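Some structures are shown below for you to check.
Each of the next two complexes has chain A plus one other chain: chain B in the first, chain C in the second.
And then the complex of A and B:
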């Protein structure tokens, strides 16, 4: 009886463990599937707001207009159809609100029942018109030509240089500035953090006395425990004004500010992982070097660092991974201008900061909303790639060192 | 006398590891240090290239002269000392570098950059350690691709490349198979012509085969030090007798 009871308990605990691991796996899968399902929706849509259409005069020879050209037309940067390969005819913009400039209330009818007819005749009479109108006003007697819009393609999404998802009439969904901003800030962060972190790791592993190490180590671990919003606050109050002053800039919120804050945040990761790697250098290896008359520094430079190189690389990549995904601190200090940065002293905008800043104002299920999820997918792929790279490098290390 | 020690005491913090060791070693001989585990023979070996300095809390008293020079003197440059006193470790410990770079390492850290000189010296060292024929076609390959015995001979070549006058060997064959061991022993016999060798070994037969003189250590003391022949056939101290005949150890 007692034995049966014990077996039952064992089975029960086993069951709980199995359940928790399956729940975890399922949750992870669910999140990924959710992310991609929401994100991929963006490639099923046109950049024109749902329920709206673009119409041209039927004699207009322009066959299609890219979303960027569309923006330029409505921003009046393009004013003649010739620019787009059409007739030499100036462009007349027409939004639905403009209808009262052309027709009286009487002509439109009491309950606006004549609006479709009015628009139809207007589009027919003005050869240079481009009309941005609700689709419901286009009936089967429509005299103009409804412009077919291409769906957003993955290539255009990734290579587009304009991020302006709320632009009318066509959303500008080019994520290149955001991807570049993210990589730019992250790589600079590592360039700042790696020398500093590596020096600290070498100092702690090889040079510092046990006493110093015992003070330093918890301090560095403390650095990892500070909430990122505090880092952002620190960056905003200390680093941003400092950069503004030192480089004499109109604003201090720049990519450099983000890189410095991220660099500080990546330090604990870099220090702990590379210190561990340095400590795995076998004593025999160090002794062999010293026994050949090499001094401490030569031993560090020629034996210890090459030996722990893969660990140090892994530390750097994990640091980048952390920097890529970091949201709050970056959002607070980088200035968030969605333009391709040319120098480190310009405002940049990263992917996570974009998602955090814009998701609140994007209507669920809309184009903007789905575009943000697609950004999330890109971020996911970036961080997963860094993790896979780390795994590959540490596997290689095991192979190399038997 | 190549090496002379007088009343050497060594402490690991509180532990008295070497007790008043006095010993004289002449040039171009092989001296074997034998004794049970923990008797201090490896510690004593590491006195000669000051490898014990790396361990916290080590204190040494007494005099150690190499070529008439007190090596624990304030004026002694440790790096120079270690260039003169090469060391081969118990387990082969090549660097994670190519075979060539392993041997060239000692030269490079000593500031030698002449490519031709390094190539010549590497080849000569590999000839001396009887490894040249086995590796001459794969100098660029990783040292880890060699077998254990080859790695140990590579480590010997590495030590020889900086032309020391003394070579310390800390159980150099204990991690190797019998054939590799035989090769190393042969090598020791050859190297004796140009170098003074001190070898720590657990293997009594090995001590008998390769050494001219043998010192028996027990609990941090040098119990007996004499010609190898005498130690193995007619030891004066009963404790040496007991150890040699395998009654303890």
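And then the complex of A and C:
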């Protein structure tokens, strides 16, 4: 009876464990599916705000306008249709809110019922007009010509160089500066953190006395427990002015500031994992090296580091993974200008910072919202690639051992 | 007997529900994050004075607030901009009549590093600086120093306001730095020599210098102060709005009357906005 009862309990606990693991897996899968479903929506839309359209005078010979040209038109950088291959006619901008400059309230009607007719006559009378108006005002009596807009393509999304998601009338969704910014900052962070972390790991594993190690280890682990916004604040007040002074720059909020902060944040990961890898070097190997007459340094450089190389690589890649996904600290110190960085001493904008800063105000289900989710997909693919790389390298390590 | 009991039970429920409803003012306010701290403070004080009132204040942005207003999921939409033509048309389509009330004003100061000798700028110069066309301080009467323009993130209400009123609806230049908070802008400008940025009037600090602004091509320059903002002589001022449906007027009137009263306007000043001029 007692045995039966114990077996029942065991089965029950097993069941709970199974359930929790399947729930976790399912949650992860659902999040990924959700992320991609929301993100892919962006490629089904045109850069024009939903429910709005661009209309031209029917005699205008311009057949299509790219979304970049659209921005330049509404920023008044392009002021003549000639630039776009049309007639020599200056461009007249018209937004729906400008309607009160052309018509009185009586003309629009007290329940705005005459608005479509007013717009139609306006578009008909001004040859240089480009009108950004609600789609529903374009009925069959409309005297102008509605401009067709292309959907956002994957290629344009990835290679576009301008990120102005709230630009009107046409959003500029080019994520290249954001991807490059993220990679720049993460790679530099690892270049800063790896030598420092590796040195600390070797020191702690091989050189330091047990007493020193016992003080150092918890201190380094404490570094991992500091909230990232504190790092960001520290970076803004200490590192940013320092960089500005040292490099004599006009502005201190640069990719380098982000890299330094991220480097400090990635240190605990790198130190802990590479120290573990160094410690797994078999005692027999170390002693064989020493017995052959190699001194301590030769043993470290020729035996221990080559043996634990795959572990150190894994530490570096996990550190990069940490850096790629970090949000708050980077948001505060990199300046967040969406330009393609040519050096690390320029402001950059990273993907996580963009999502964190913009998602709050992006209308749900809209183009901007979906574009941010698409950015999330890119980030997910980046971090998944680094994780797969770690998996691959640690598998290789097992193979080497046999 | 059982029937009587049931009836009695339902009766009490209905009566108590009605009584609850009568004594209760239940108002939902949603919208602009700029107006949010003000609405919260006003609601707090109002609820202290009227213990029966229950006011829920939710942020999310002016656009979100007006969208919720259209759906009927909020009683009051707070907004840091005037309702747009397109939104007006949607309300018209839904057959809803609404009222607009200005509850306070907000002004933006243009700030630079204290070591910058430029002390006044025209709107056209500001437009050039923030769209990236003017890149050196010597072009606007300063030293030969690169201009570093700081802006808020695009999710901020001030971002749109500045774009509409100062940049004439043009887009910011891509080299403009975006900061997540007003505090970060003040910090960065205080430590960067060529910096320029904009902040709410209330956030002005000693570590930065404010610049006089001209909207008439340099004829008169006006300093960003509360009295100037109140009299509208300072140009970068915007009203903060509440929108409510005409049919809800009776319900929201006590709250709006309170905000417009002297006590309510005192709170406006305390939260850091510009009280309405009486």
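Everything below uses one rule, namely that the second predicted complex is superposed on the first by the 372 of 402 C-alpha atoms of A that agree within 3 Å, B and C clash if a C-alpha of one lies under 4 Å from a C-alpha of the other, contacts with A are read in each partner's own complex, and residues count from 1 in each chain.
Everything that follows uses one rule, which is that a residue touches a chain if its C-beta (ideal position, glycine included) is under 8 Å from a C-beta of that chain, and two chains touch if they have at least 3 such contacts.
A quick note: this is a predicted structure, and the numbers were derived from the prediction, not measured.
Looking at the shared chain after the overlay, A:284 reaches chain B, while chain C stays out of its contact range. Applying the stated contact rule after C-alpha superposition, one finds that A:225 touches neither chain B nor chain C. By the touch criterion stated above, A:85 is placed in contact with neither chain B nor chain C. When both complexes are overlaid on chain A, the residue A:357 reaches chain C alone and has no touch with chain B.
Of the two partner chains placed by the overlay, only chain B lies in contact with A:307; chain C stays clear of it.
Of the two partner chains placed by superposition, A:155 touches none, neither chain B nor chain C. In the overlay built on the shared chain, the residue A:335 is in contact with chain C alone; chain B does not reach it. For chain A, the partner that touches more of its residues is C, with chain B and chain C as the two candidates.
Contact with chain B, but none with chain C, is seen for A:293 once the two complexes are overlaid on the shared chain. Interface residues of chain B, counted against chain A in their complex, comprise 49, 51, 54, 56, 79-80, 82-83, 86-87, 89, 91, 93-97, 105-106, 108-110, 142, 144, 155, 158-159, 162.
Taken in their complex, chain A has these residues touching chain C: 51-52, 71, 74-76, 95-97, 99, 111-112, 115, 134, 162-168, 177, 236-237, 240-241, 244, 250-253, 331-332, 335-339, 347, 349, 356-363. Listing the residues of chain A that touch chain B in their complex gives 210, 282, 284-285, 287-295, 298, 302-303, 306-307, 400-402.
Chain contact summary for the complex, chain C toward chain A: residues 33, 60-61, 63-64, 67, 84-86, 88-89, 92, 131, 145-146, 148, 153-156, 159-160, 169-172, 174-180, 184, 187-188, 191-195.
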